[in-house]
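Heads up, the next two complexes both have subunit A, just with different partners, subunit B and then subunit C.
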Partner chain A sequence: MIDTLIATIVSGLVLGSLYAMMASGLSVVWTTLGVFNFAHGALMMIGAFVAWTVSEAVGLGLLVGVASGTLVAALIGVLIERLLVRPYYGNRNMLLITVMTTLAAMIILEKGAQMIWGARLKQLPRLVDGEISIFSATISAHEAILVVLAPLILLSIWRFNVRTNTGRSLRAVGQNQRSAALIGIDVPVAFAIAFGLSAALAGLTGALLGSIRFITPSMGAEPLVKAMIVVIFGGLGSLGATAGAAYVIGLIEALLILWLGLYWTPFVLFLMMIVVLIFRPNGIFGGRQ
Partner chain B sequence: MKPAARNIVLPLVCLAALLLVPVFAIDSYTRHLFIIAFLYAIIASNWNLSLGHCGVFNFGHLTFFGVGVYTAAILAKTLGVNPWIAILASGATAAAAAFLIAAPVARLKGIYVVLVTFAFGQLVMQLVLSQAQITGGAEGMVRIPYLRLGDYSFLKDYKLGYYYAALFLLVVSTLFLLAVVRSPFGKSLKAVRDAEEYAAARGISISRQRVTVLVLSAIFTGIAGGFYAIYLRVASPDVFGFGTLSLALSMVLIGGTGTVYGPIAAALALTFATEALAGIRGLEEARFILIALAMILVLRIAPGGLLGIIEKLDFRDRKPAAPAVARNGP
Partner chain C sequence: MGRLLDVSRVTAGYGSITVLRDISIGLDAGECVGLFGPNGHGKTTLLQTISGLLKPTGGTISFDGADITGARPRDIVNAGLVQSPQGNTLFGEMHVLETLELASISKRARHGKAQNLRRVFELFPRLDERRTQKAKTLSGGERQMLSIGCALMCAPRLLMLDEPTLGLSPRLKKELAAAVGNIAKSGVPLVIVEQDVEFLLSLTQRLYMIEHGEVVREIDGDNAPDHDAIMQLYFGEAAH
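Moving on, here comes the complex of A and B:
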C-alpha cells in the first residue's frame, strides 16, 4: 500500500514537472503581453521534432539536438509574436484576435510538421540510461533529470524576473505598457523576449519529453490542455501560483489514475476545473483582480 | 441596391438557386458536399450568434454539435428511437449542455471564458471516450439507422431527400436567427457586446443574456449534429477536435462576425474550397494550412470578414458597419 502510494507520488512529481514547465511558459507570455498562446503545445512539438532531426537523422548527438530544438522553438515563438500578435497591440479585441491567430499558428505548425516529418512514430534516446530508486519507487534516470530540472528552471525564471533589468522590464511592461515605454523600456523588444523565452521553454520541454513519449505532430495537444487546467487552477497572473498549481495537478492526476483508472481521470480533472472556476473565477491560488 | 432588396430579394434568389441545385447536380457526391456545407452553415451561423452578436468568447460551440451527434446516435441505434425524433432530441440535449456550461461562463470574463468553454469540449470528449460501452469510445459508432418517410428511404435517389431535408433545416435555422437578432432581445445582445456597463445600467442582466444566447445558439447546432450522425450513419469523437473547431471558426471569421448571412456564405464557399483542395495530390494536409492562413489574412486585412468588404464596396447607403469582432469585458 505504502509502496503504491510512493510510486504514485513519484509519478505525480514527474507529471507535475512537465506541467510546470509548460504552464510557466504560458504564464510568462500572459503576464507580459496579455496573450494566451494556443500554439504553445505546437511549439513543444516542434522542439521535439527538431531535436530528433538534429540528434538522430543528422547524428550530432542528443545534447546538440535538445539545444537546437530549444533554439528553433524560440525563433518560431519570436516569429509568431512578430507576425501574429504584434499587429494587434492596442486593438480592443486583441485578446480574442490573438486567441484565433495563435490557434491558426497551431494548425499551421501541426500540419506543417505532419508534412515534413510524416506520421511515423519517432522517439529520442534518453539523456542518461539507467534507473533511480526513490524509497521503493523506480523511475528512469531521464525522468529524474526532468524532476530536478523543472524547479531549477522555474527558479531561474523567477530570479530573472526579479533580479535582472530585462526581467524587471518584462514585468513593468506587463503592468503598464505606457508607463514602461515612458521610462525608456523598449516595449516591442520586451514582448519579443517574453515570447521567445516562453517558446524556448516549450521547445526544451518537448525535446526532453521526446525520450519518454512518442514524437507525433499532435503530441503538444494533451500537455497544452493540461497546462490550461493548471493555469485555471493557479490563475494566470503569477509564476509562483502557476508552478504550485502544476505540481498539485500532477499529484492529483497521479492519485486519480490510481483510484479511478486512466479513463475517468481526465473527466474528473476537467470537472474539478469547471467547479473551481464557478467558485473562484481567478483560480484557487489567484488573488482578486 | 436598396437595403430591402438586399435583405429580402438576395437571400430569396440564393434560396431559389439552392432549391434548383439537385436538378443540375445529379450525382450524389456533389449533393453530399452541399449537405455537409448546409450543416456547417448552421454551425457557423449559430456560433456567430454567441460569438459575434453577443460577444461571448465561446470556444466550445462544437461541443453542442458533438452532443447532438452522440444523442442522435445513441437514441436511434442503441435505443431504437425513430431517427426523426432522435434528430429533434439532439437539439434539446445540446441546449441542456449549453445551459450547463453557461453557469460558469455567465460569471467569468475574458480569457477564462475561452479556457472554460474549450475545456468543456474536452470534458465531453473524455466522457465519450471513457464510456466506450455506450459511445464506442475512440472507434465511435457505425451503422446508425437512416431516415425514412413512410416507405420512402432517404438512401434512394442519390441523396435527394437528405439534400432537401438539410436545406430545410438551414432555412429554419436562418429564419430563427433572423428573428432572434432583430427582436428587442437581439438588440440587447448587441448592447451587452458593445457597451456592457451601459447595458447593465439600463437594466439588462448581462449574465441572463449570456445564458440565454448560449442556449439559443445550441438548439440548431445540436439538431445539425443529430442530422449529421443520422446522415453519415457514423458518430466519432473527431467532432470535438481542433480540426473541426478551426474549420468552423474560419467560416465565422471569413464570413464576418455579427452578420447572419456571412458565415452561411463562407460555409458554402469553404466546404467546396477545402473539398477541391483535398482532391489535389499533396494538398490533403496543406489545405488546413491554407485555411489557417486565410483566417490570419482576414483578421489582418478585413476583421469584419470578407462580406464586410463587399458591403463597403457595394452598398454605400448603409450605415458604417458595426465593430467587427466581439468584445468581452475589459
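Moving on, here comes the complex of A and C:
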C-alpha cells in the first residue's frame, strides 16, 4: 500500500513538473499580453519533432536536438505573435479574436507536422539511461532530470522577471502598456520576447517529453488542456501560484489514476475545475480582486 | 529652425473623432510653457500625440531639429522627450525602487542611473521611505511623485507634465508644486498642463490656452492677464 502511494506520488511529481513547465509558458504570455495562446501545445509538439529530426534523422545527437527544438519553437512563437496576435492589438474584442487566431495556429501547426513528419510514431532516446529509485519507487533517470529541471527553470524565469530589466519590462508592459511606452520600453519588442520565451519553454518541454511519450502531431493537446486546468487552479498571472497549482494537479491526477483509473480521471479533473471557477473565480491560489 | 519642440499644424484624434485641429505650439531651450483650458478640449491628447502614443493625421512635430512625427514612443523617450502622464497610471504590482530603476531603461538614461535616482529621492524623500512598497499601495500624491520620478529617471531634455497636482489636497499640491519648481530651476525645460493658471504663471514664461483642440490664446509675461481676466477666460461673463 505504502509502496503504491509512493510510486503514485513520484509519478505525480513527474506530471507536475511537465505541467509546471507548460503552464509557466502560458502564464508568461498571459501576464504580458493578456492573450491565451492555444497554440502552446502545438509549439511543444514542434519542439519534439524538430528535436527528433535533428538528433535522429540528421544524427547530430540529442543535446543539439533538444536545443534546436527549443529554438525553432521560439522562432515560430515569435512568428505567431507577429502575424496572428499583433494585428489585433488594441481591438476591443482582442481576447476573443486571439482565441480564434491561436487556435488556427494550432491547427496549422498540427496538420503541417502531419504533412512533414507523417503519422508514424516517433520517439527520442533518453538523455541518460538507467533508473533511479526514490524510496521504493523507481523512475527513469530521464524523468528524474525533468523533475529536477522544472523547478530550476521556474526559478530562473522568476529571477528573470524580478531582477533583469527585460523581465521587469515584460511585467511593466503587462500591467500598464501606455506607462511602459512612456518610460521608453519598446512594447512590441516586449510582446515578441514574451511569446518567444513562452514558446521556447514549450519547445524544451516537448523535446524532453519526446523521450518519455510518443511524438505525434497531436501530442501537445493533452498537456495544453492540463496546463489550462493548472492556470485556472492557480489563477493566471502569478508564477508562484501557477507552479504550485501544477504540482497539485499532477499529484491529484496521479492519485485519481490510482483510484479511479485513466478513464474517469479527466472527467473528475474538469469537474474540479468547474467547482473552482464557481467558488474561487481567481483560482485557488489567486488573490481575490 | 532652432526651437527645442515645434508642434506645427497638428491634427489628431481617436478613430473618426478629431480632437486636435491644426494646433501649433512650441518652445525654445531653457523655456517653460504652460497649457491650460477646459477639460476635454485636447490638452492630454496633445501630449499623447507628442509622445507618440497617438499618430497625428496631419502636421509635423520636431524635437531639437529632428522630425519625430509618428515616431515610436520608445524612440521619442530615447531622444529625451519625456512625459509624466496624468493620474495613477503606473505598474501596480511593482515596487517603487524597481519602477524607478526600470524607468532608466533607455540608452540615454542608463549611465546616469545612480545619479538620477539620488536626485529623485532628494526631490521626493517620501519615495525613498517607500522604496519596497508596491505602487498600488501608494497614496494619490505618492503615485504622482513616482510618476514624475520615473520621468526624471528617463533623463529628460524636455519634460511634459500632465496635471501633476490633479486631485491632491492643498498641502500635497504645495509639495508637488515646489518639486516641479525645483525641476524647472535645475534647467529642465517643462511643458505643464494645469488648471491652476496662477501656478502656471509662477513657473512658466508663456501659456497657451487650448479650447476645442485649438490654441485660442497665447499669453506671455508682457500681456499676462490678472486674476479676473483669467476667470473670465474660463467662465465667460458668469465670472462677474
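Everything that follows uses one rule, which is that the second predicted complex is superposed on the first by the 289 of 289 C-alpha atoms of A that agree within 3 Å, B and C clash if a C-alpha of one lies under 4 Å from a C-alpha of the other, contacts with A are read in each partner's own complex, and residues count from 1 in each chain.
Here, contacts are C-beta pairs under 8 Å (C-beta built on N, C-alpha and C of every residue); 3 or more make two chains touch, one makes a residue touch a chain.
No experiment lies behind these values; they were computed from the predicted model shown.
A.B. asks: After aligning the two structures on subunit A, examine subunit B and subunit C and state clash or fit.
C.D. replies: fit
A.B. asks: Could you say whether A:145 touches subunit B, subunit C, both of them, or neither, answering first, second, both or neither?
C.D. replies: Touch partners of A:145: none, neither subunit B nor subunit C.
A.B. asks: Considering only touches as defined above, state whether A:212 meets subunit B (first), subunit C (second), both or neither.
C.D. replies: A:212: touches no partner chain.
A.B. asks: With both structures fitted on chain A, tell me whether subunit B or subunit C touches more of subunit A's residues.
C.D. replies: B
A.B. asks: Applying the touch criterion given at the start, work out whether A:266 contacts subunit B, subunit C, both or neither, answering first, second, both or neither.
C.D. replies: A:266: touches subunit B, not subunit C.
A.B. asks: Which partner does A:132 reach: the first (subunit B), the second (subunit C), both, or neither?
C.D. replies: A:132 contacts neither subunit B nor subunit C.
A.B. asks: Going by the contact rule set out at the top, does A:96 touch subunit B (first), subunit C (second), both, or neither?
C.D. replies: first
A.B. asks: Give one of first, second, both or neither to describe whether A:64 is in contact with subunit B, with subunit C, with both, or with none.
C.D. replies: neither
A.B. asks: I want to verify one number. Taking the Cα centroids, what angle sits at subunit A between subunit B and subunit C, in steps of 10 degrees?
C.D. replies: 90
A.B. asks: State the minimum pairwise Cα distance, in Å, between subunit B and subunit C in the overlaid complexes.
C.D. replies: Minimum C-alpha separation, subunit B to subunit C, in the superposed model is 14 Å.
A.B. asks: Taking the touch rule as given, give the residues of subunit B at its contact with subunit A in the complex, in rising order.
C.D. replies: Touch residues, subunit B against subunit A: 57, 59, 101, 103-104, 107-112, 114-116, 118-120, 122-123, 126-127, 129-130, 132, 242-243, 245-246, 249, 253, 285-286, 288-289, 291-293, 295-296, 299-300, 303, 323-328.
A.B. asks: Quick one: in the complex, what on subunit A touches subunit B?
C.D. replies: 30, 36, 84, 87, 92-93, 95-97, 99-101, 103-108, 110-112, 114-115, 221, 225, 228-229, 231-232, 236, 263-264, 266-267, 270-271, 273-274, 277-278, 281
A.B. asks: Quick check on the complex: what are the subunit C residues that touch subunit A?
C.D. replies: 51-53, 72-74, 77-78, 82-85, 89-94, 98-99, 101-103, 105-106, 109, 147, 150-151, 153-154
A.B. asks: Touching residues of subunit A toward subunit C in the complex: what are they?
C.D. replies: 162, 165, 168-169, 171-172, 175-176, 178-187
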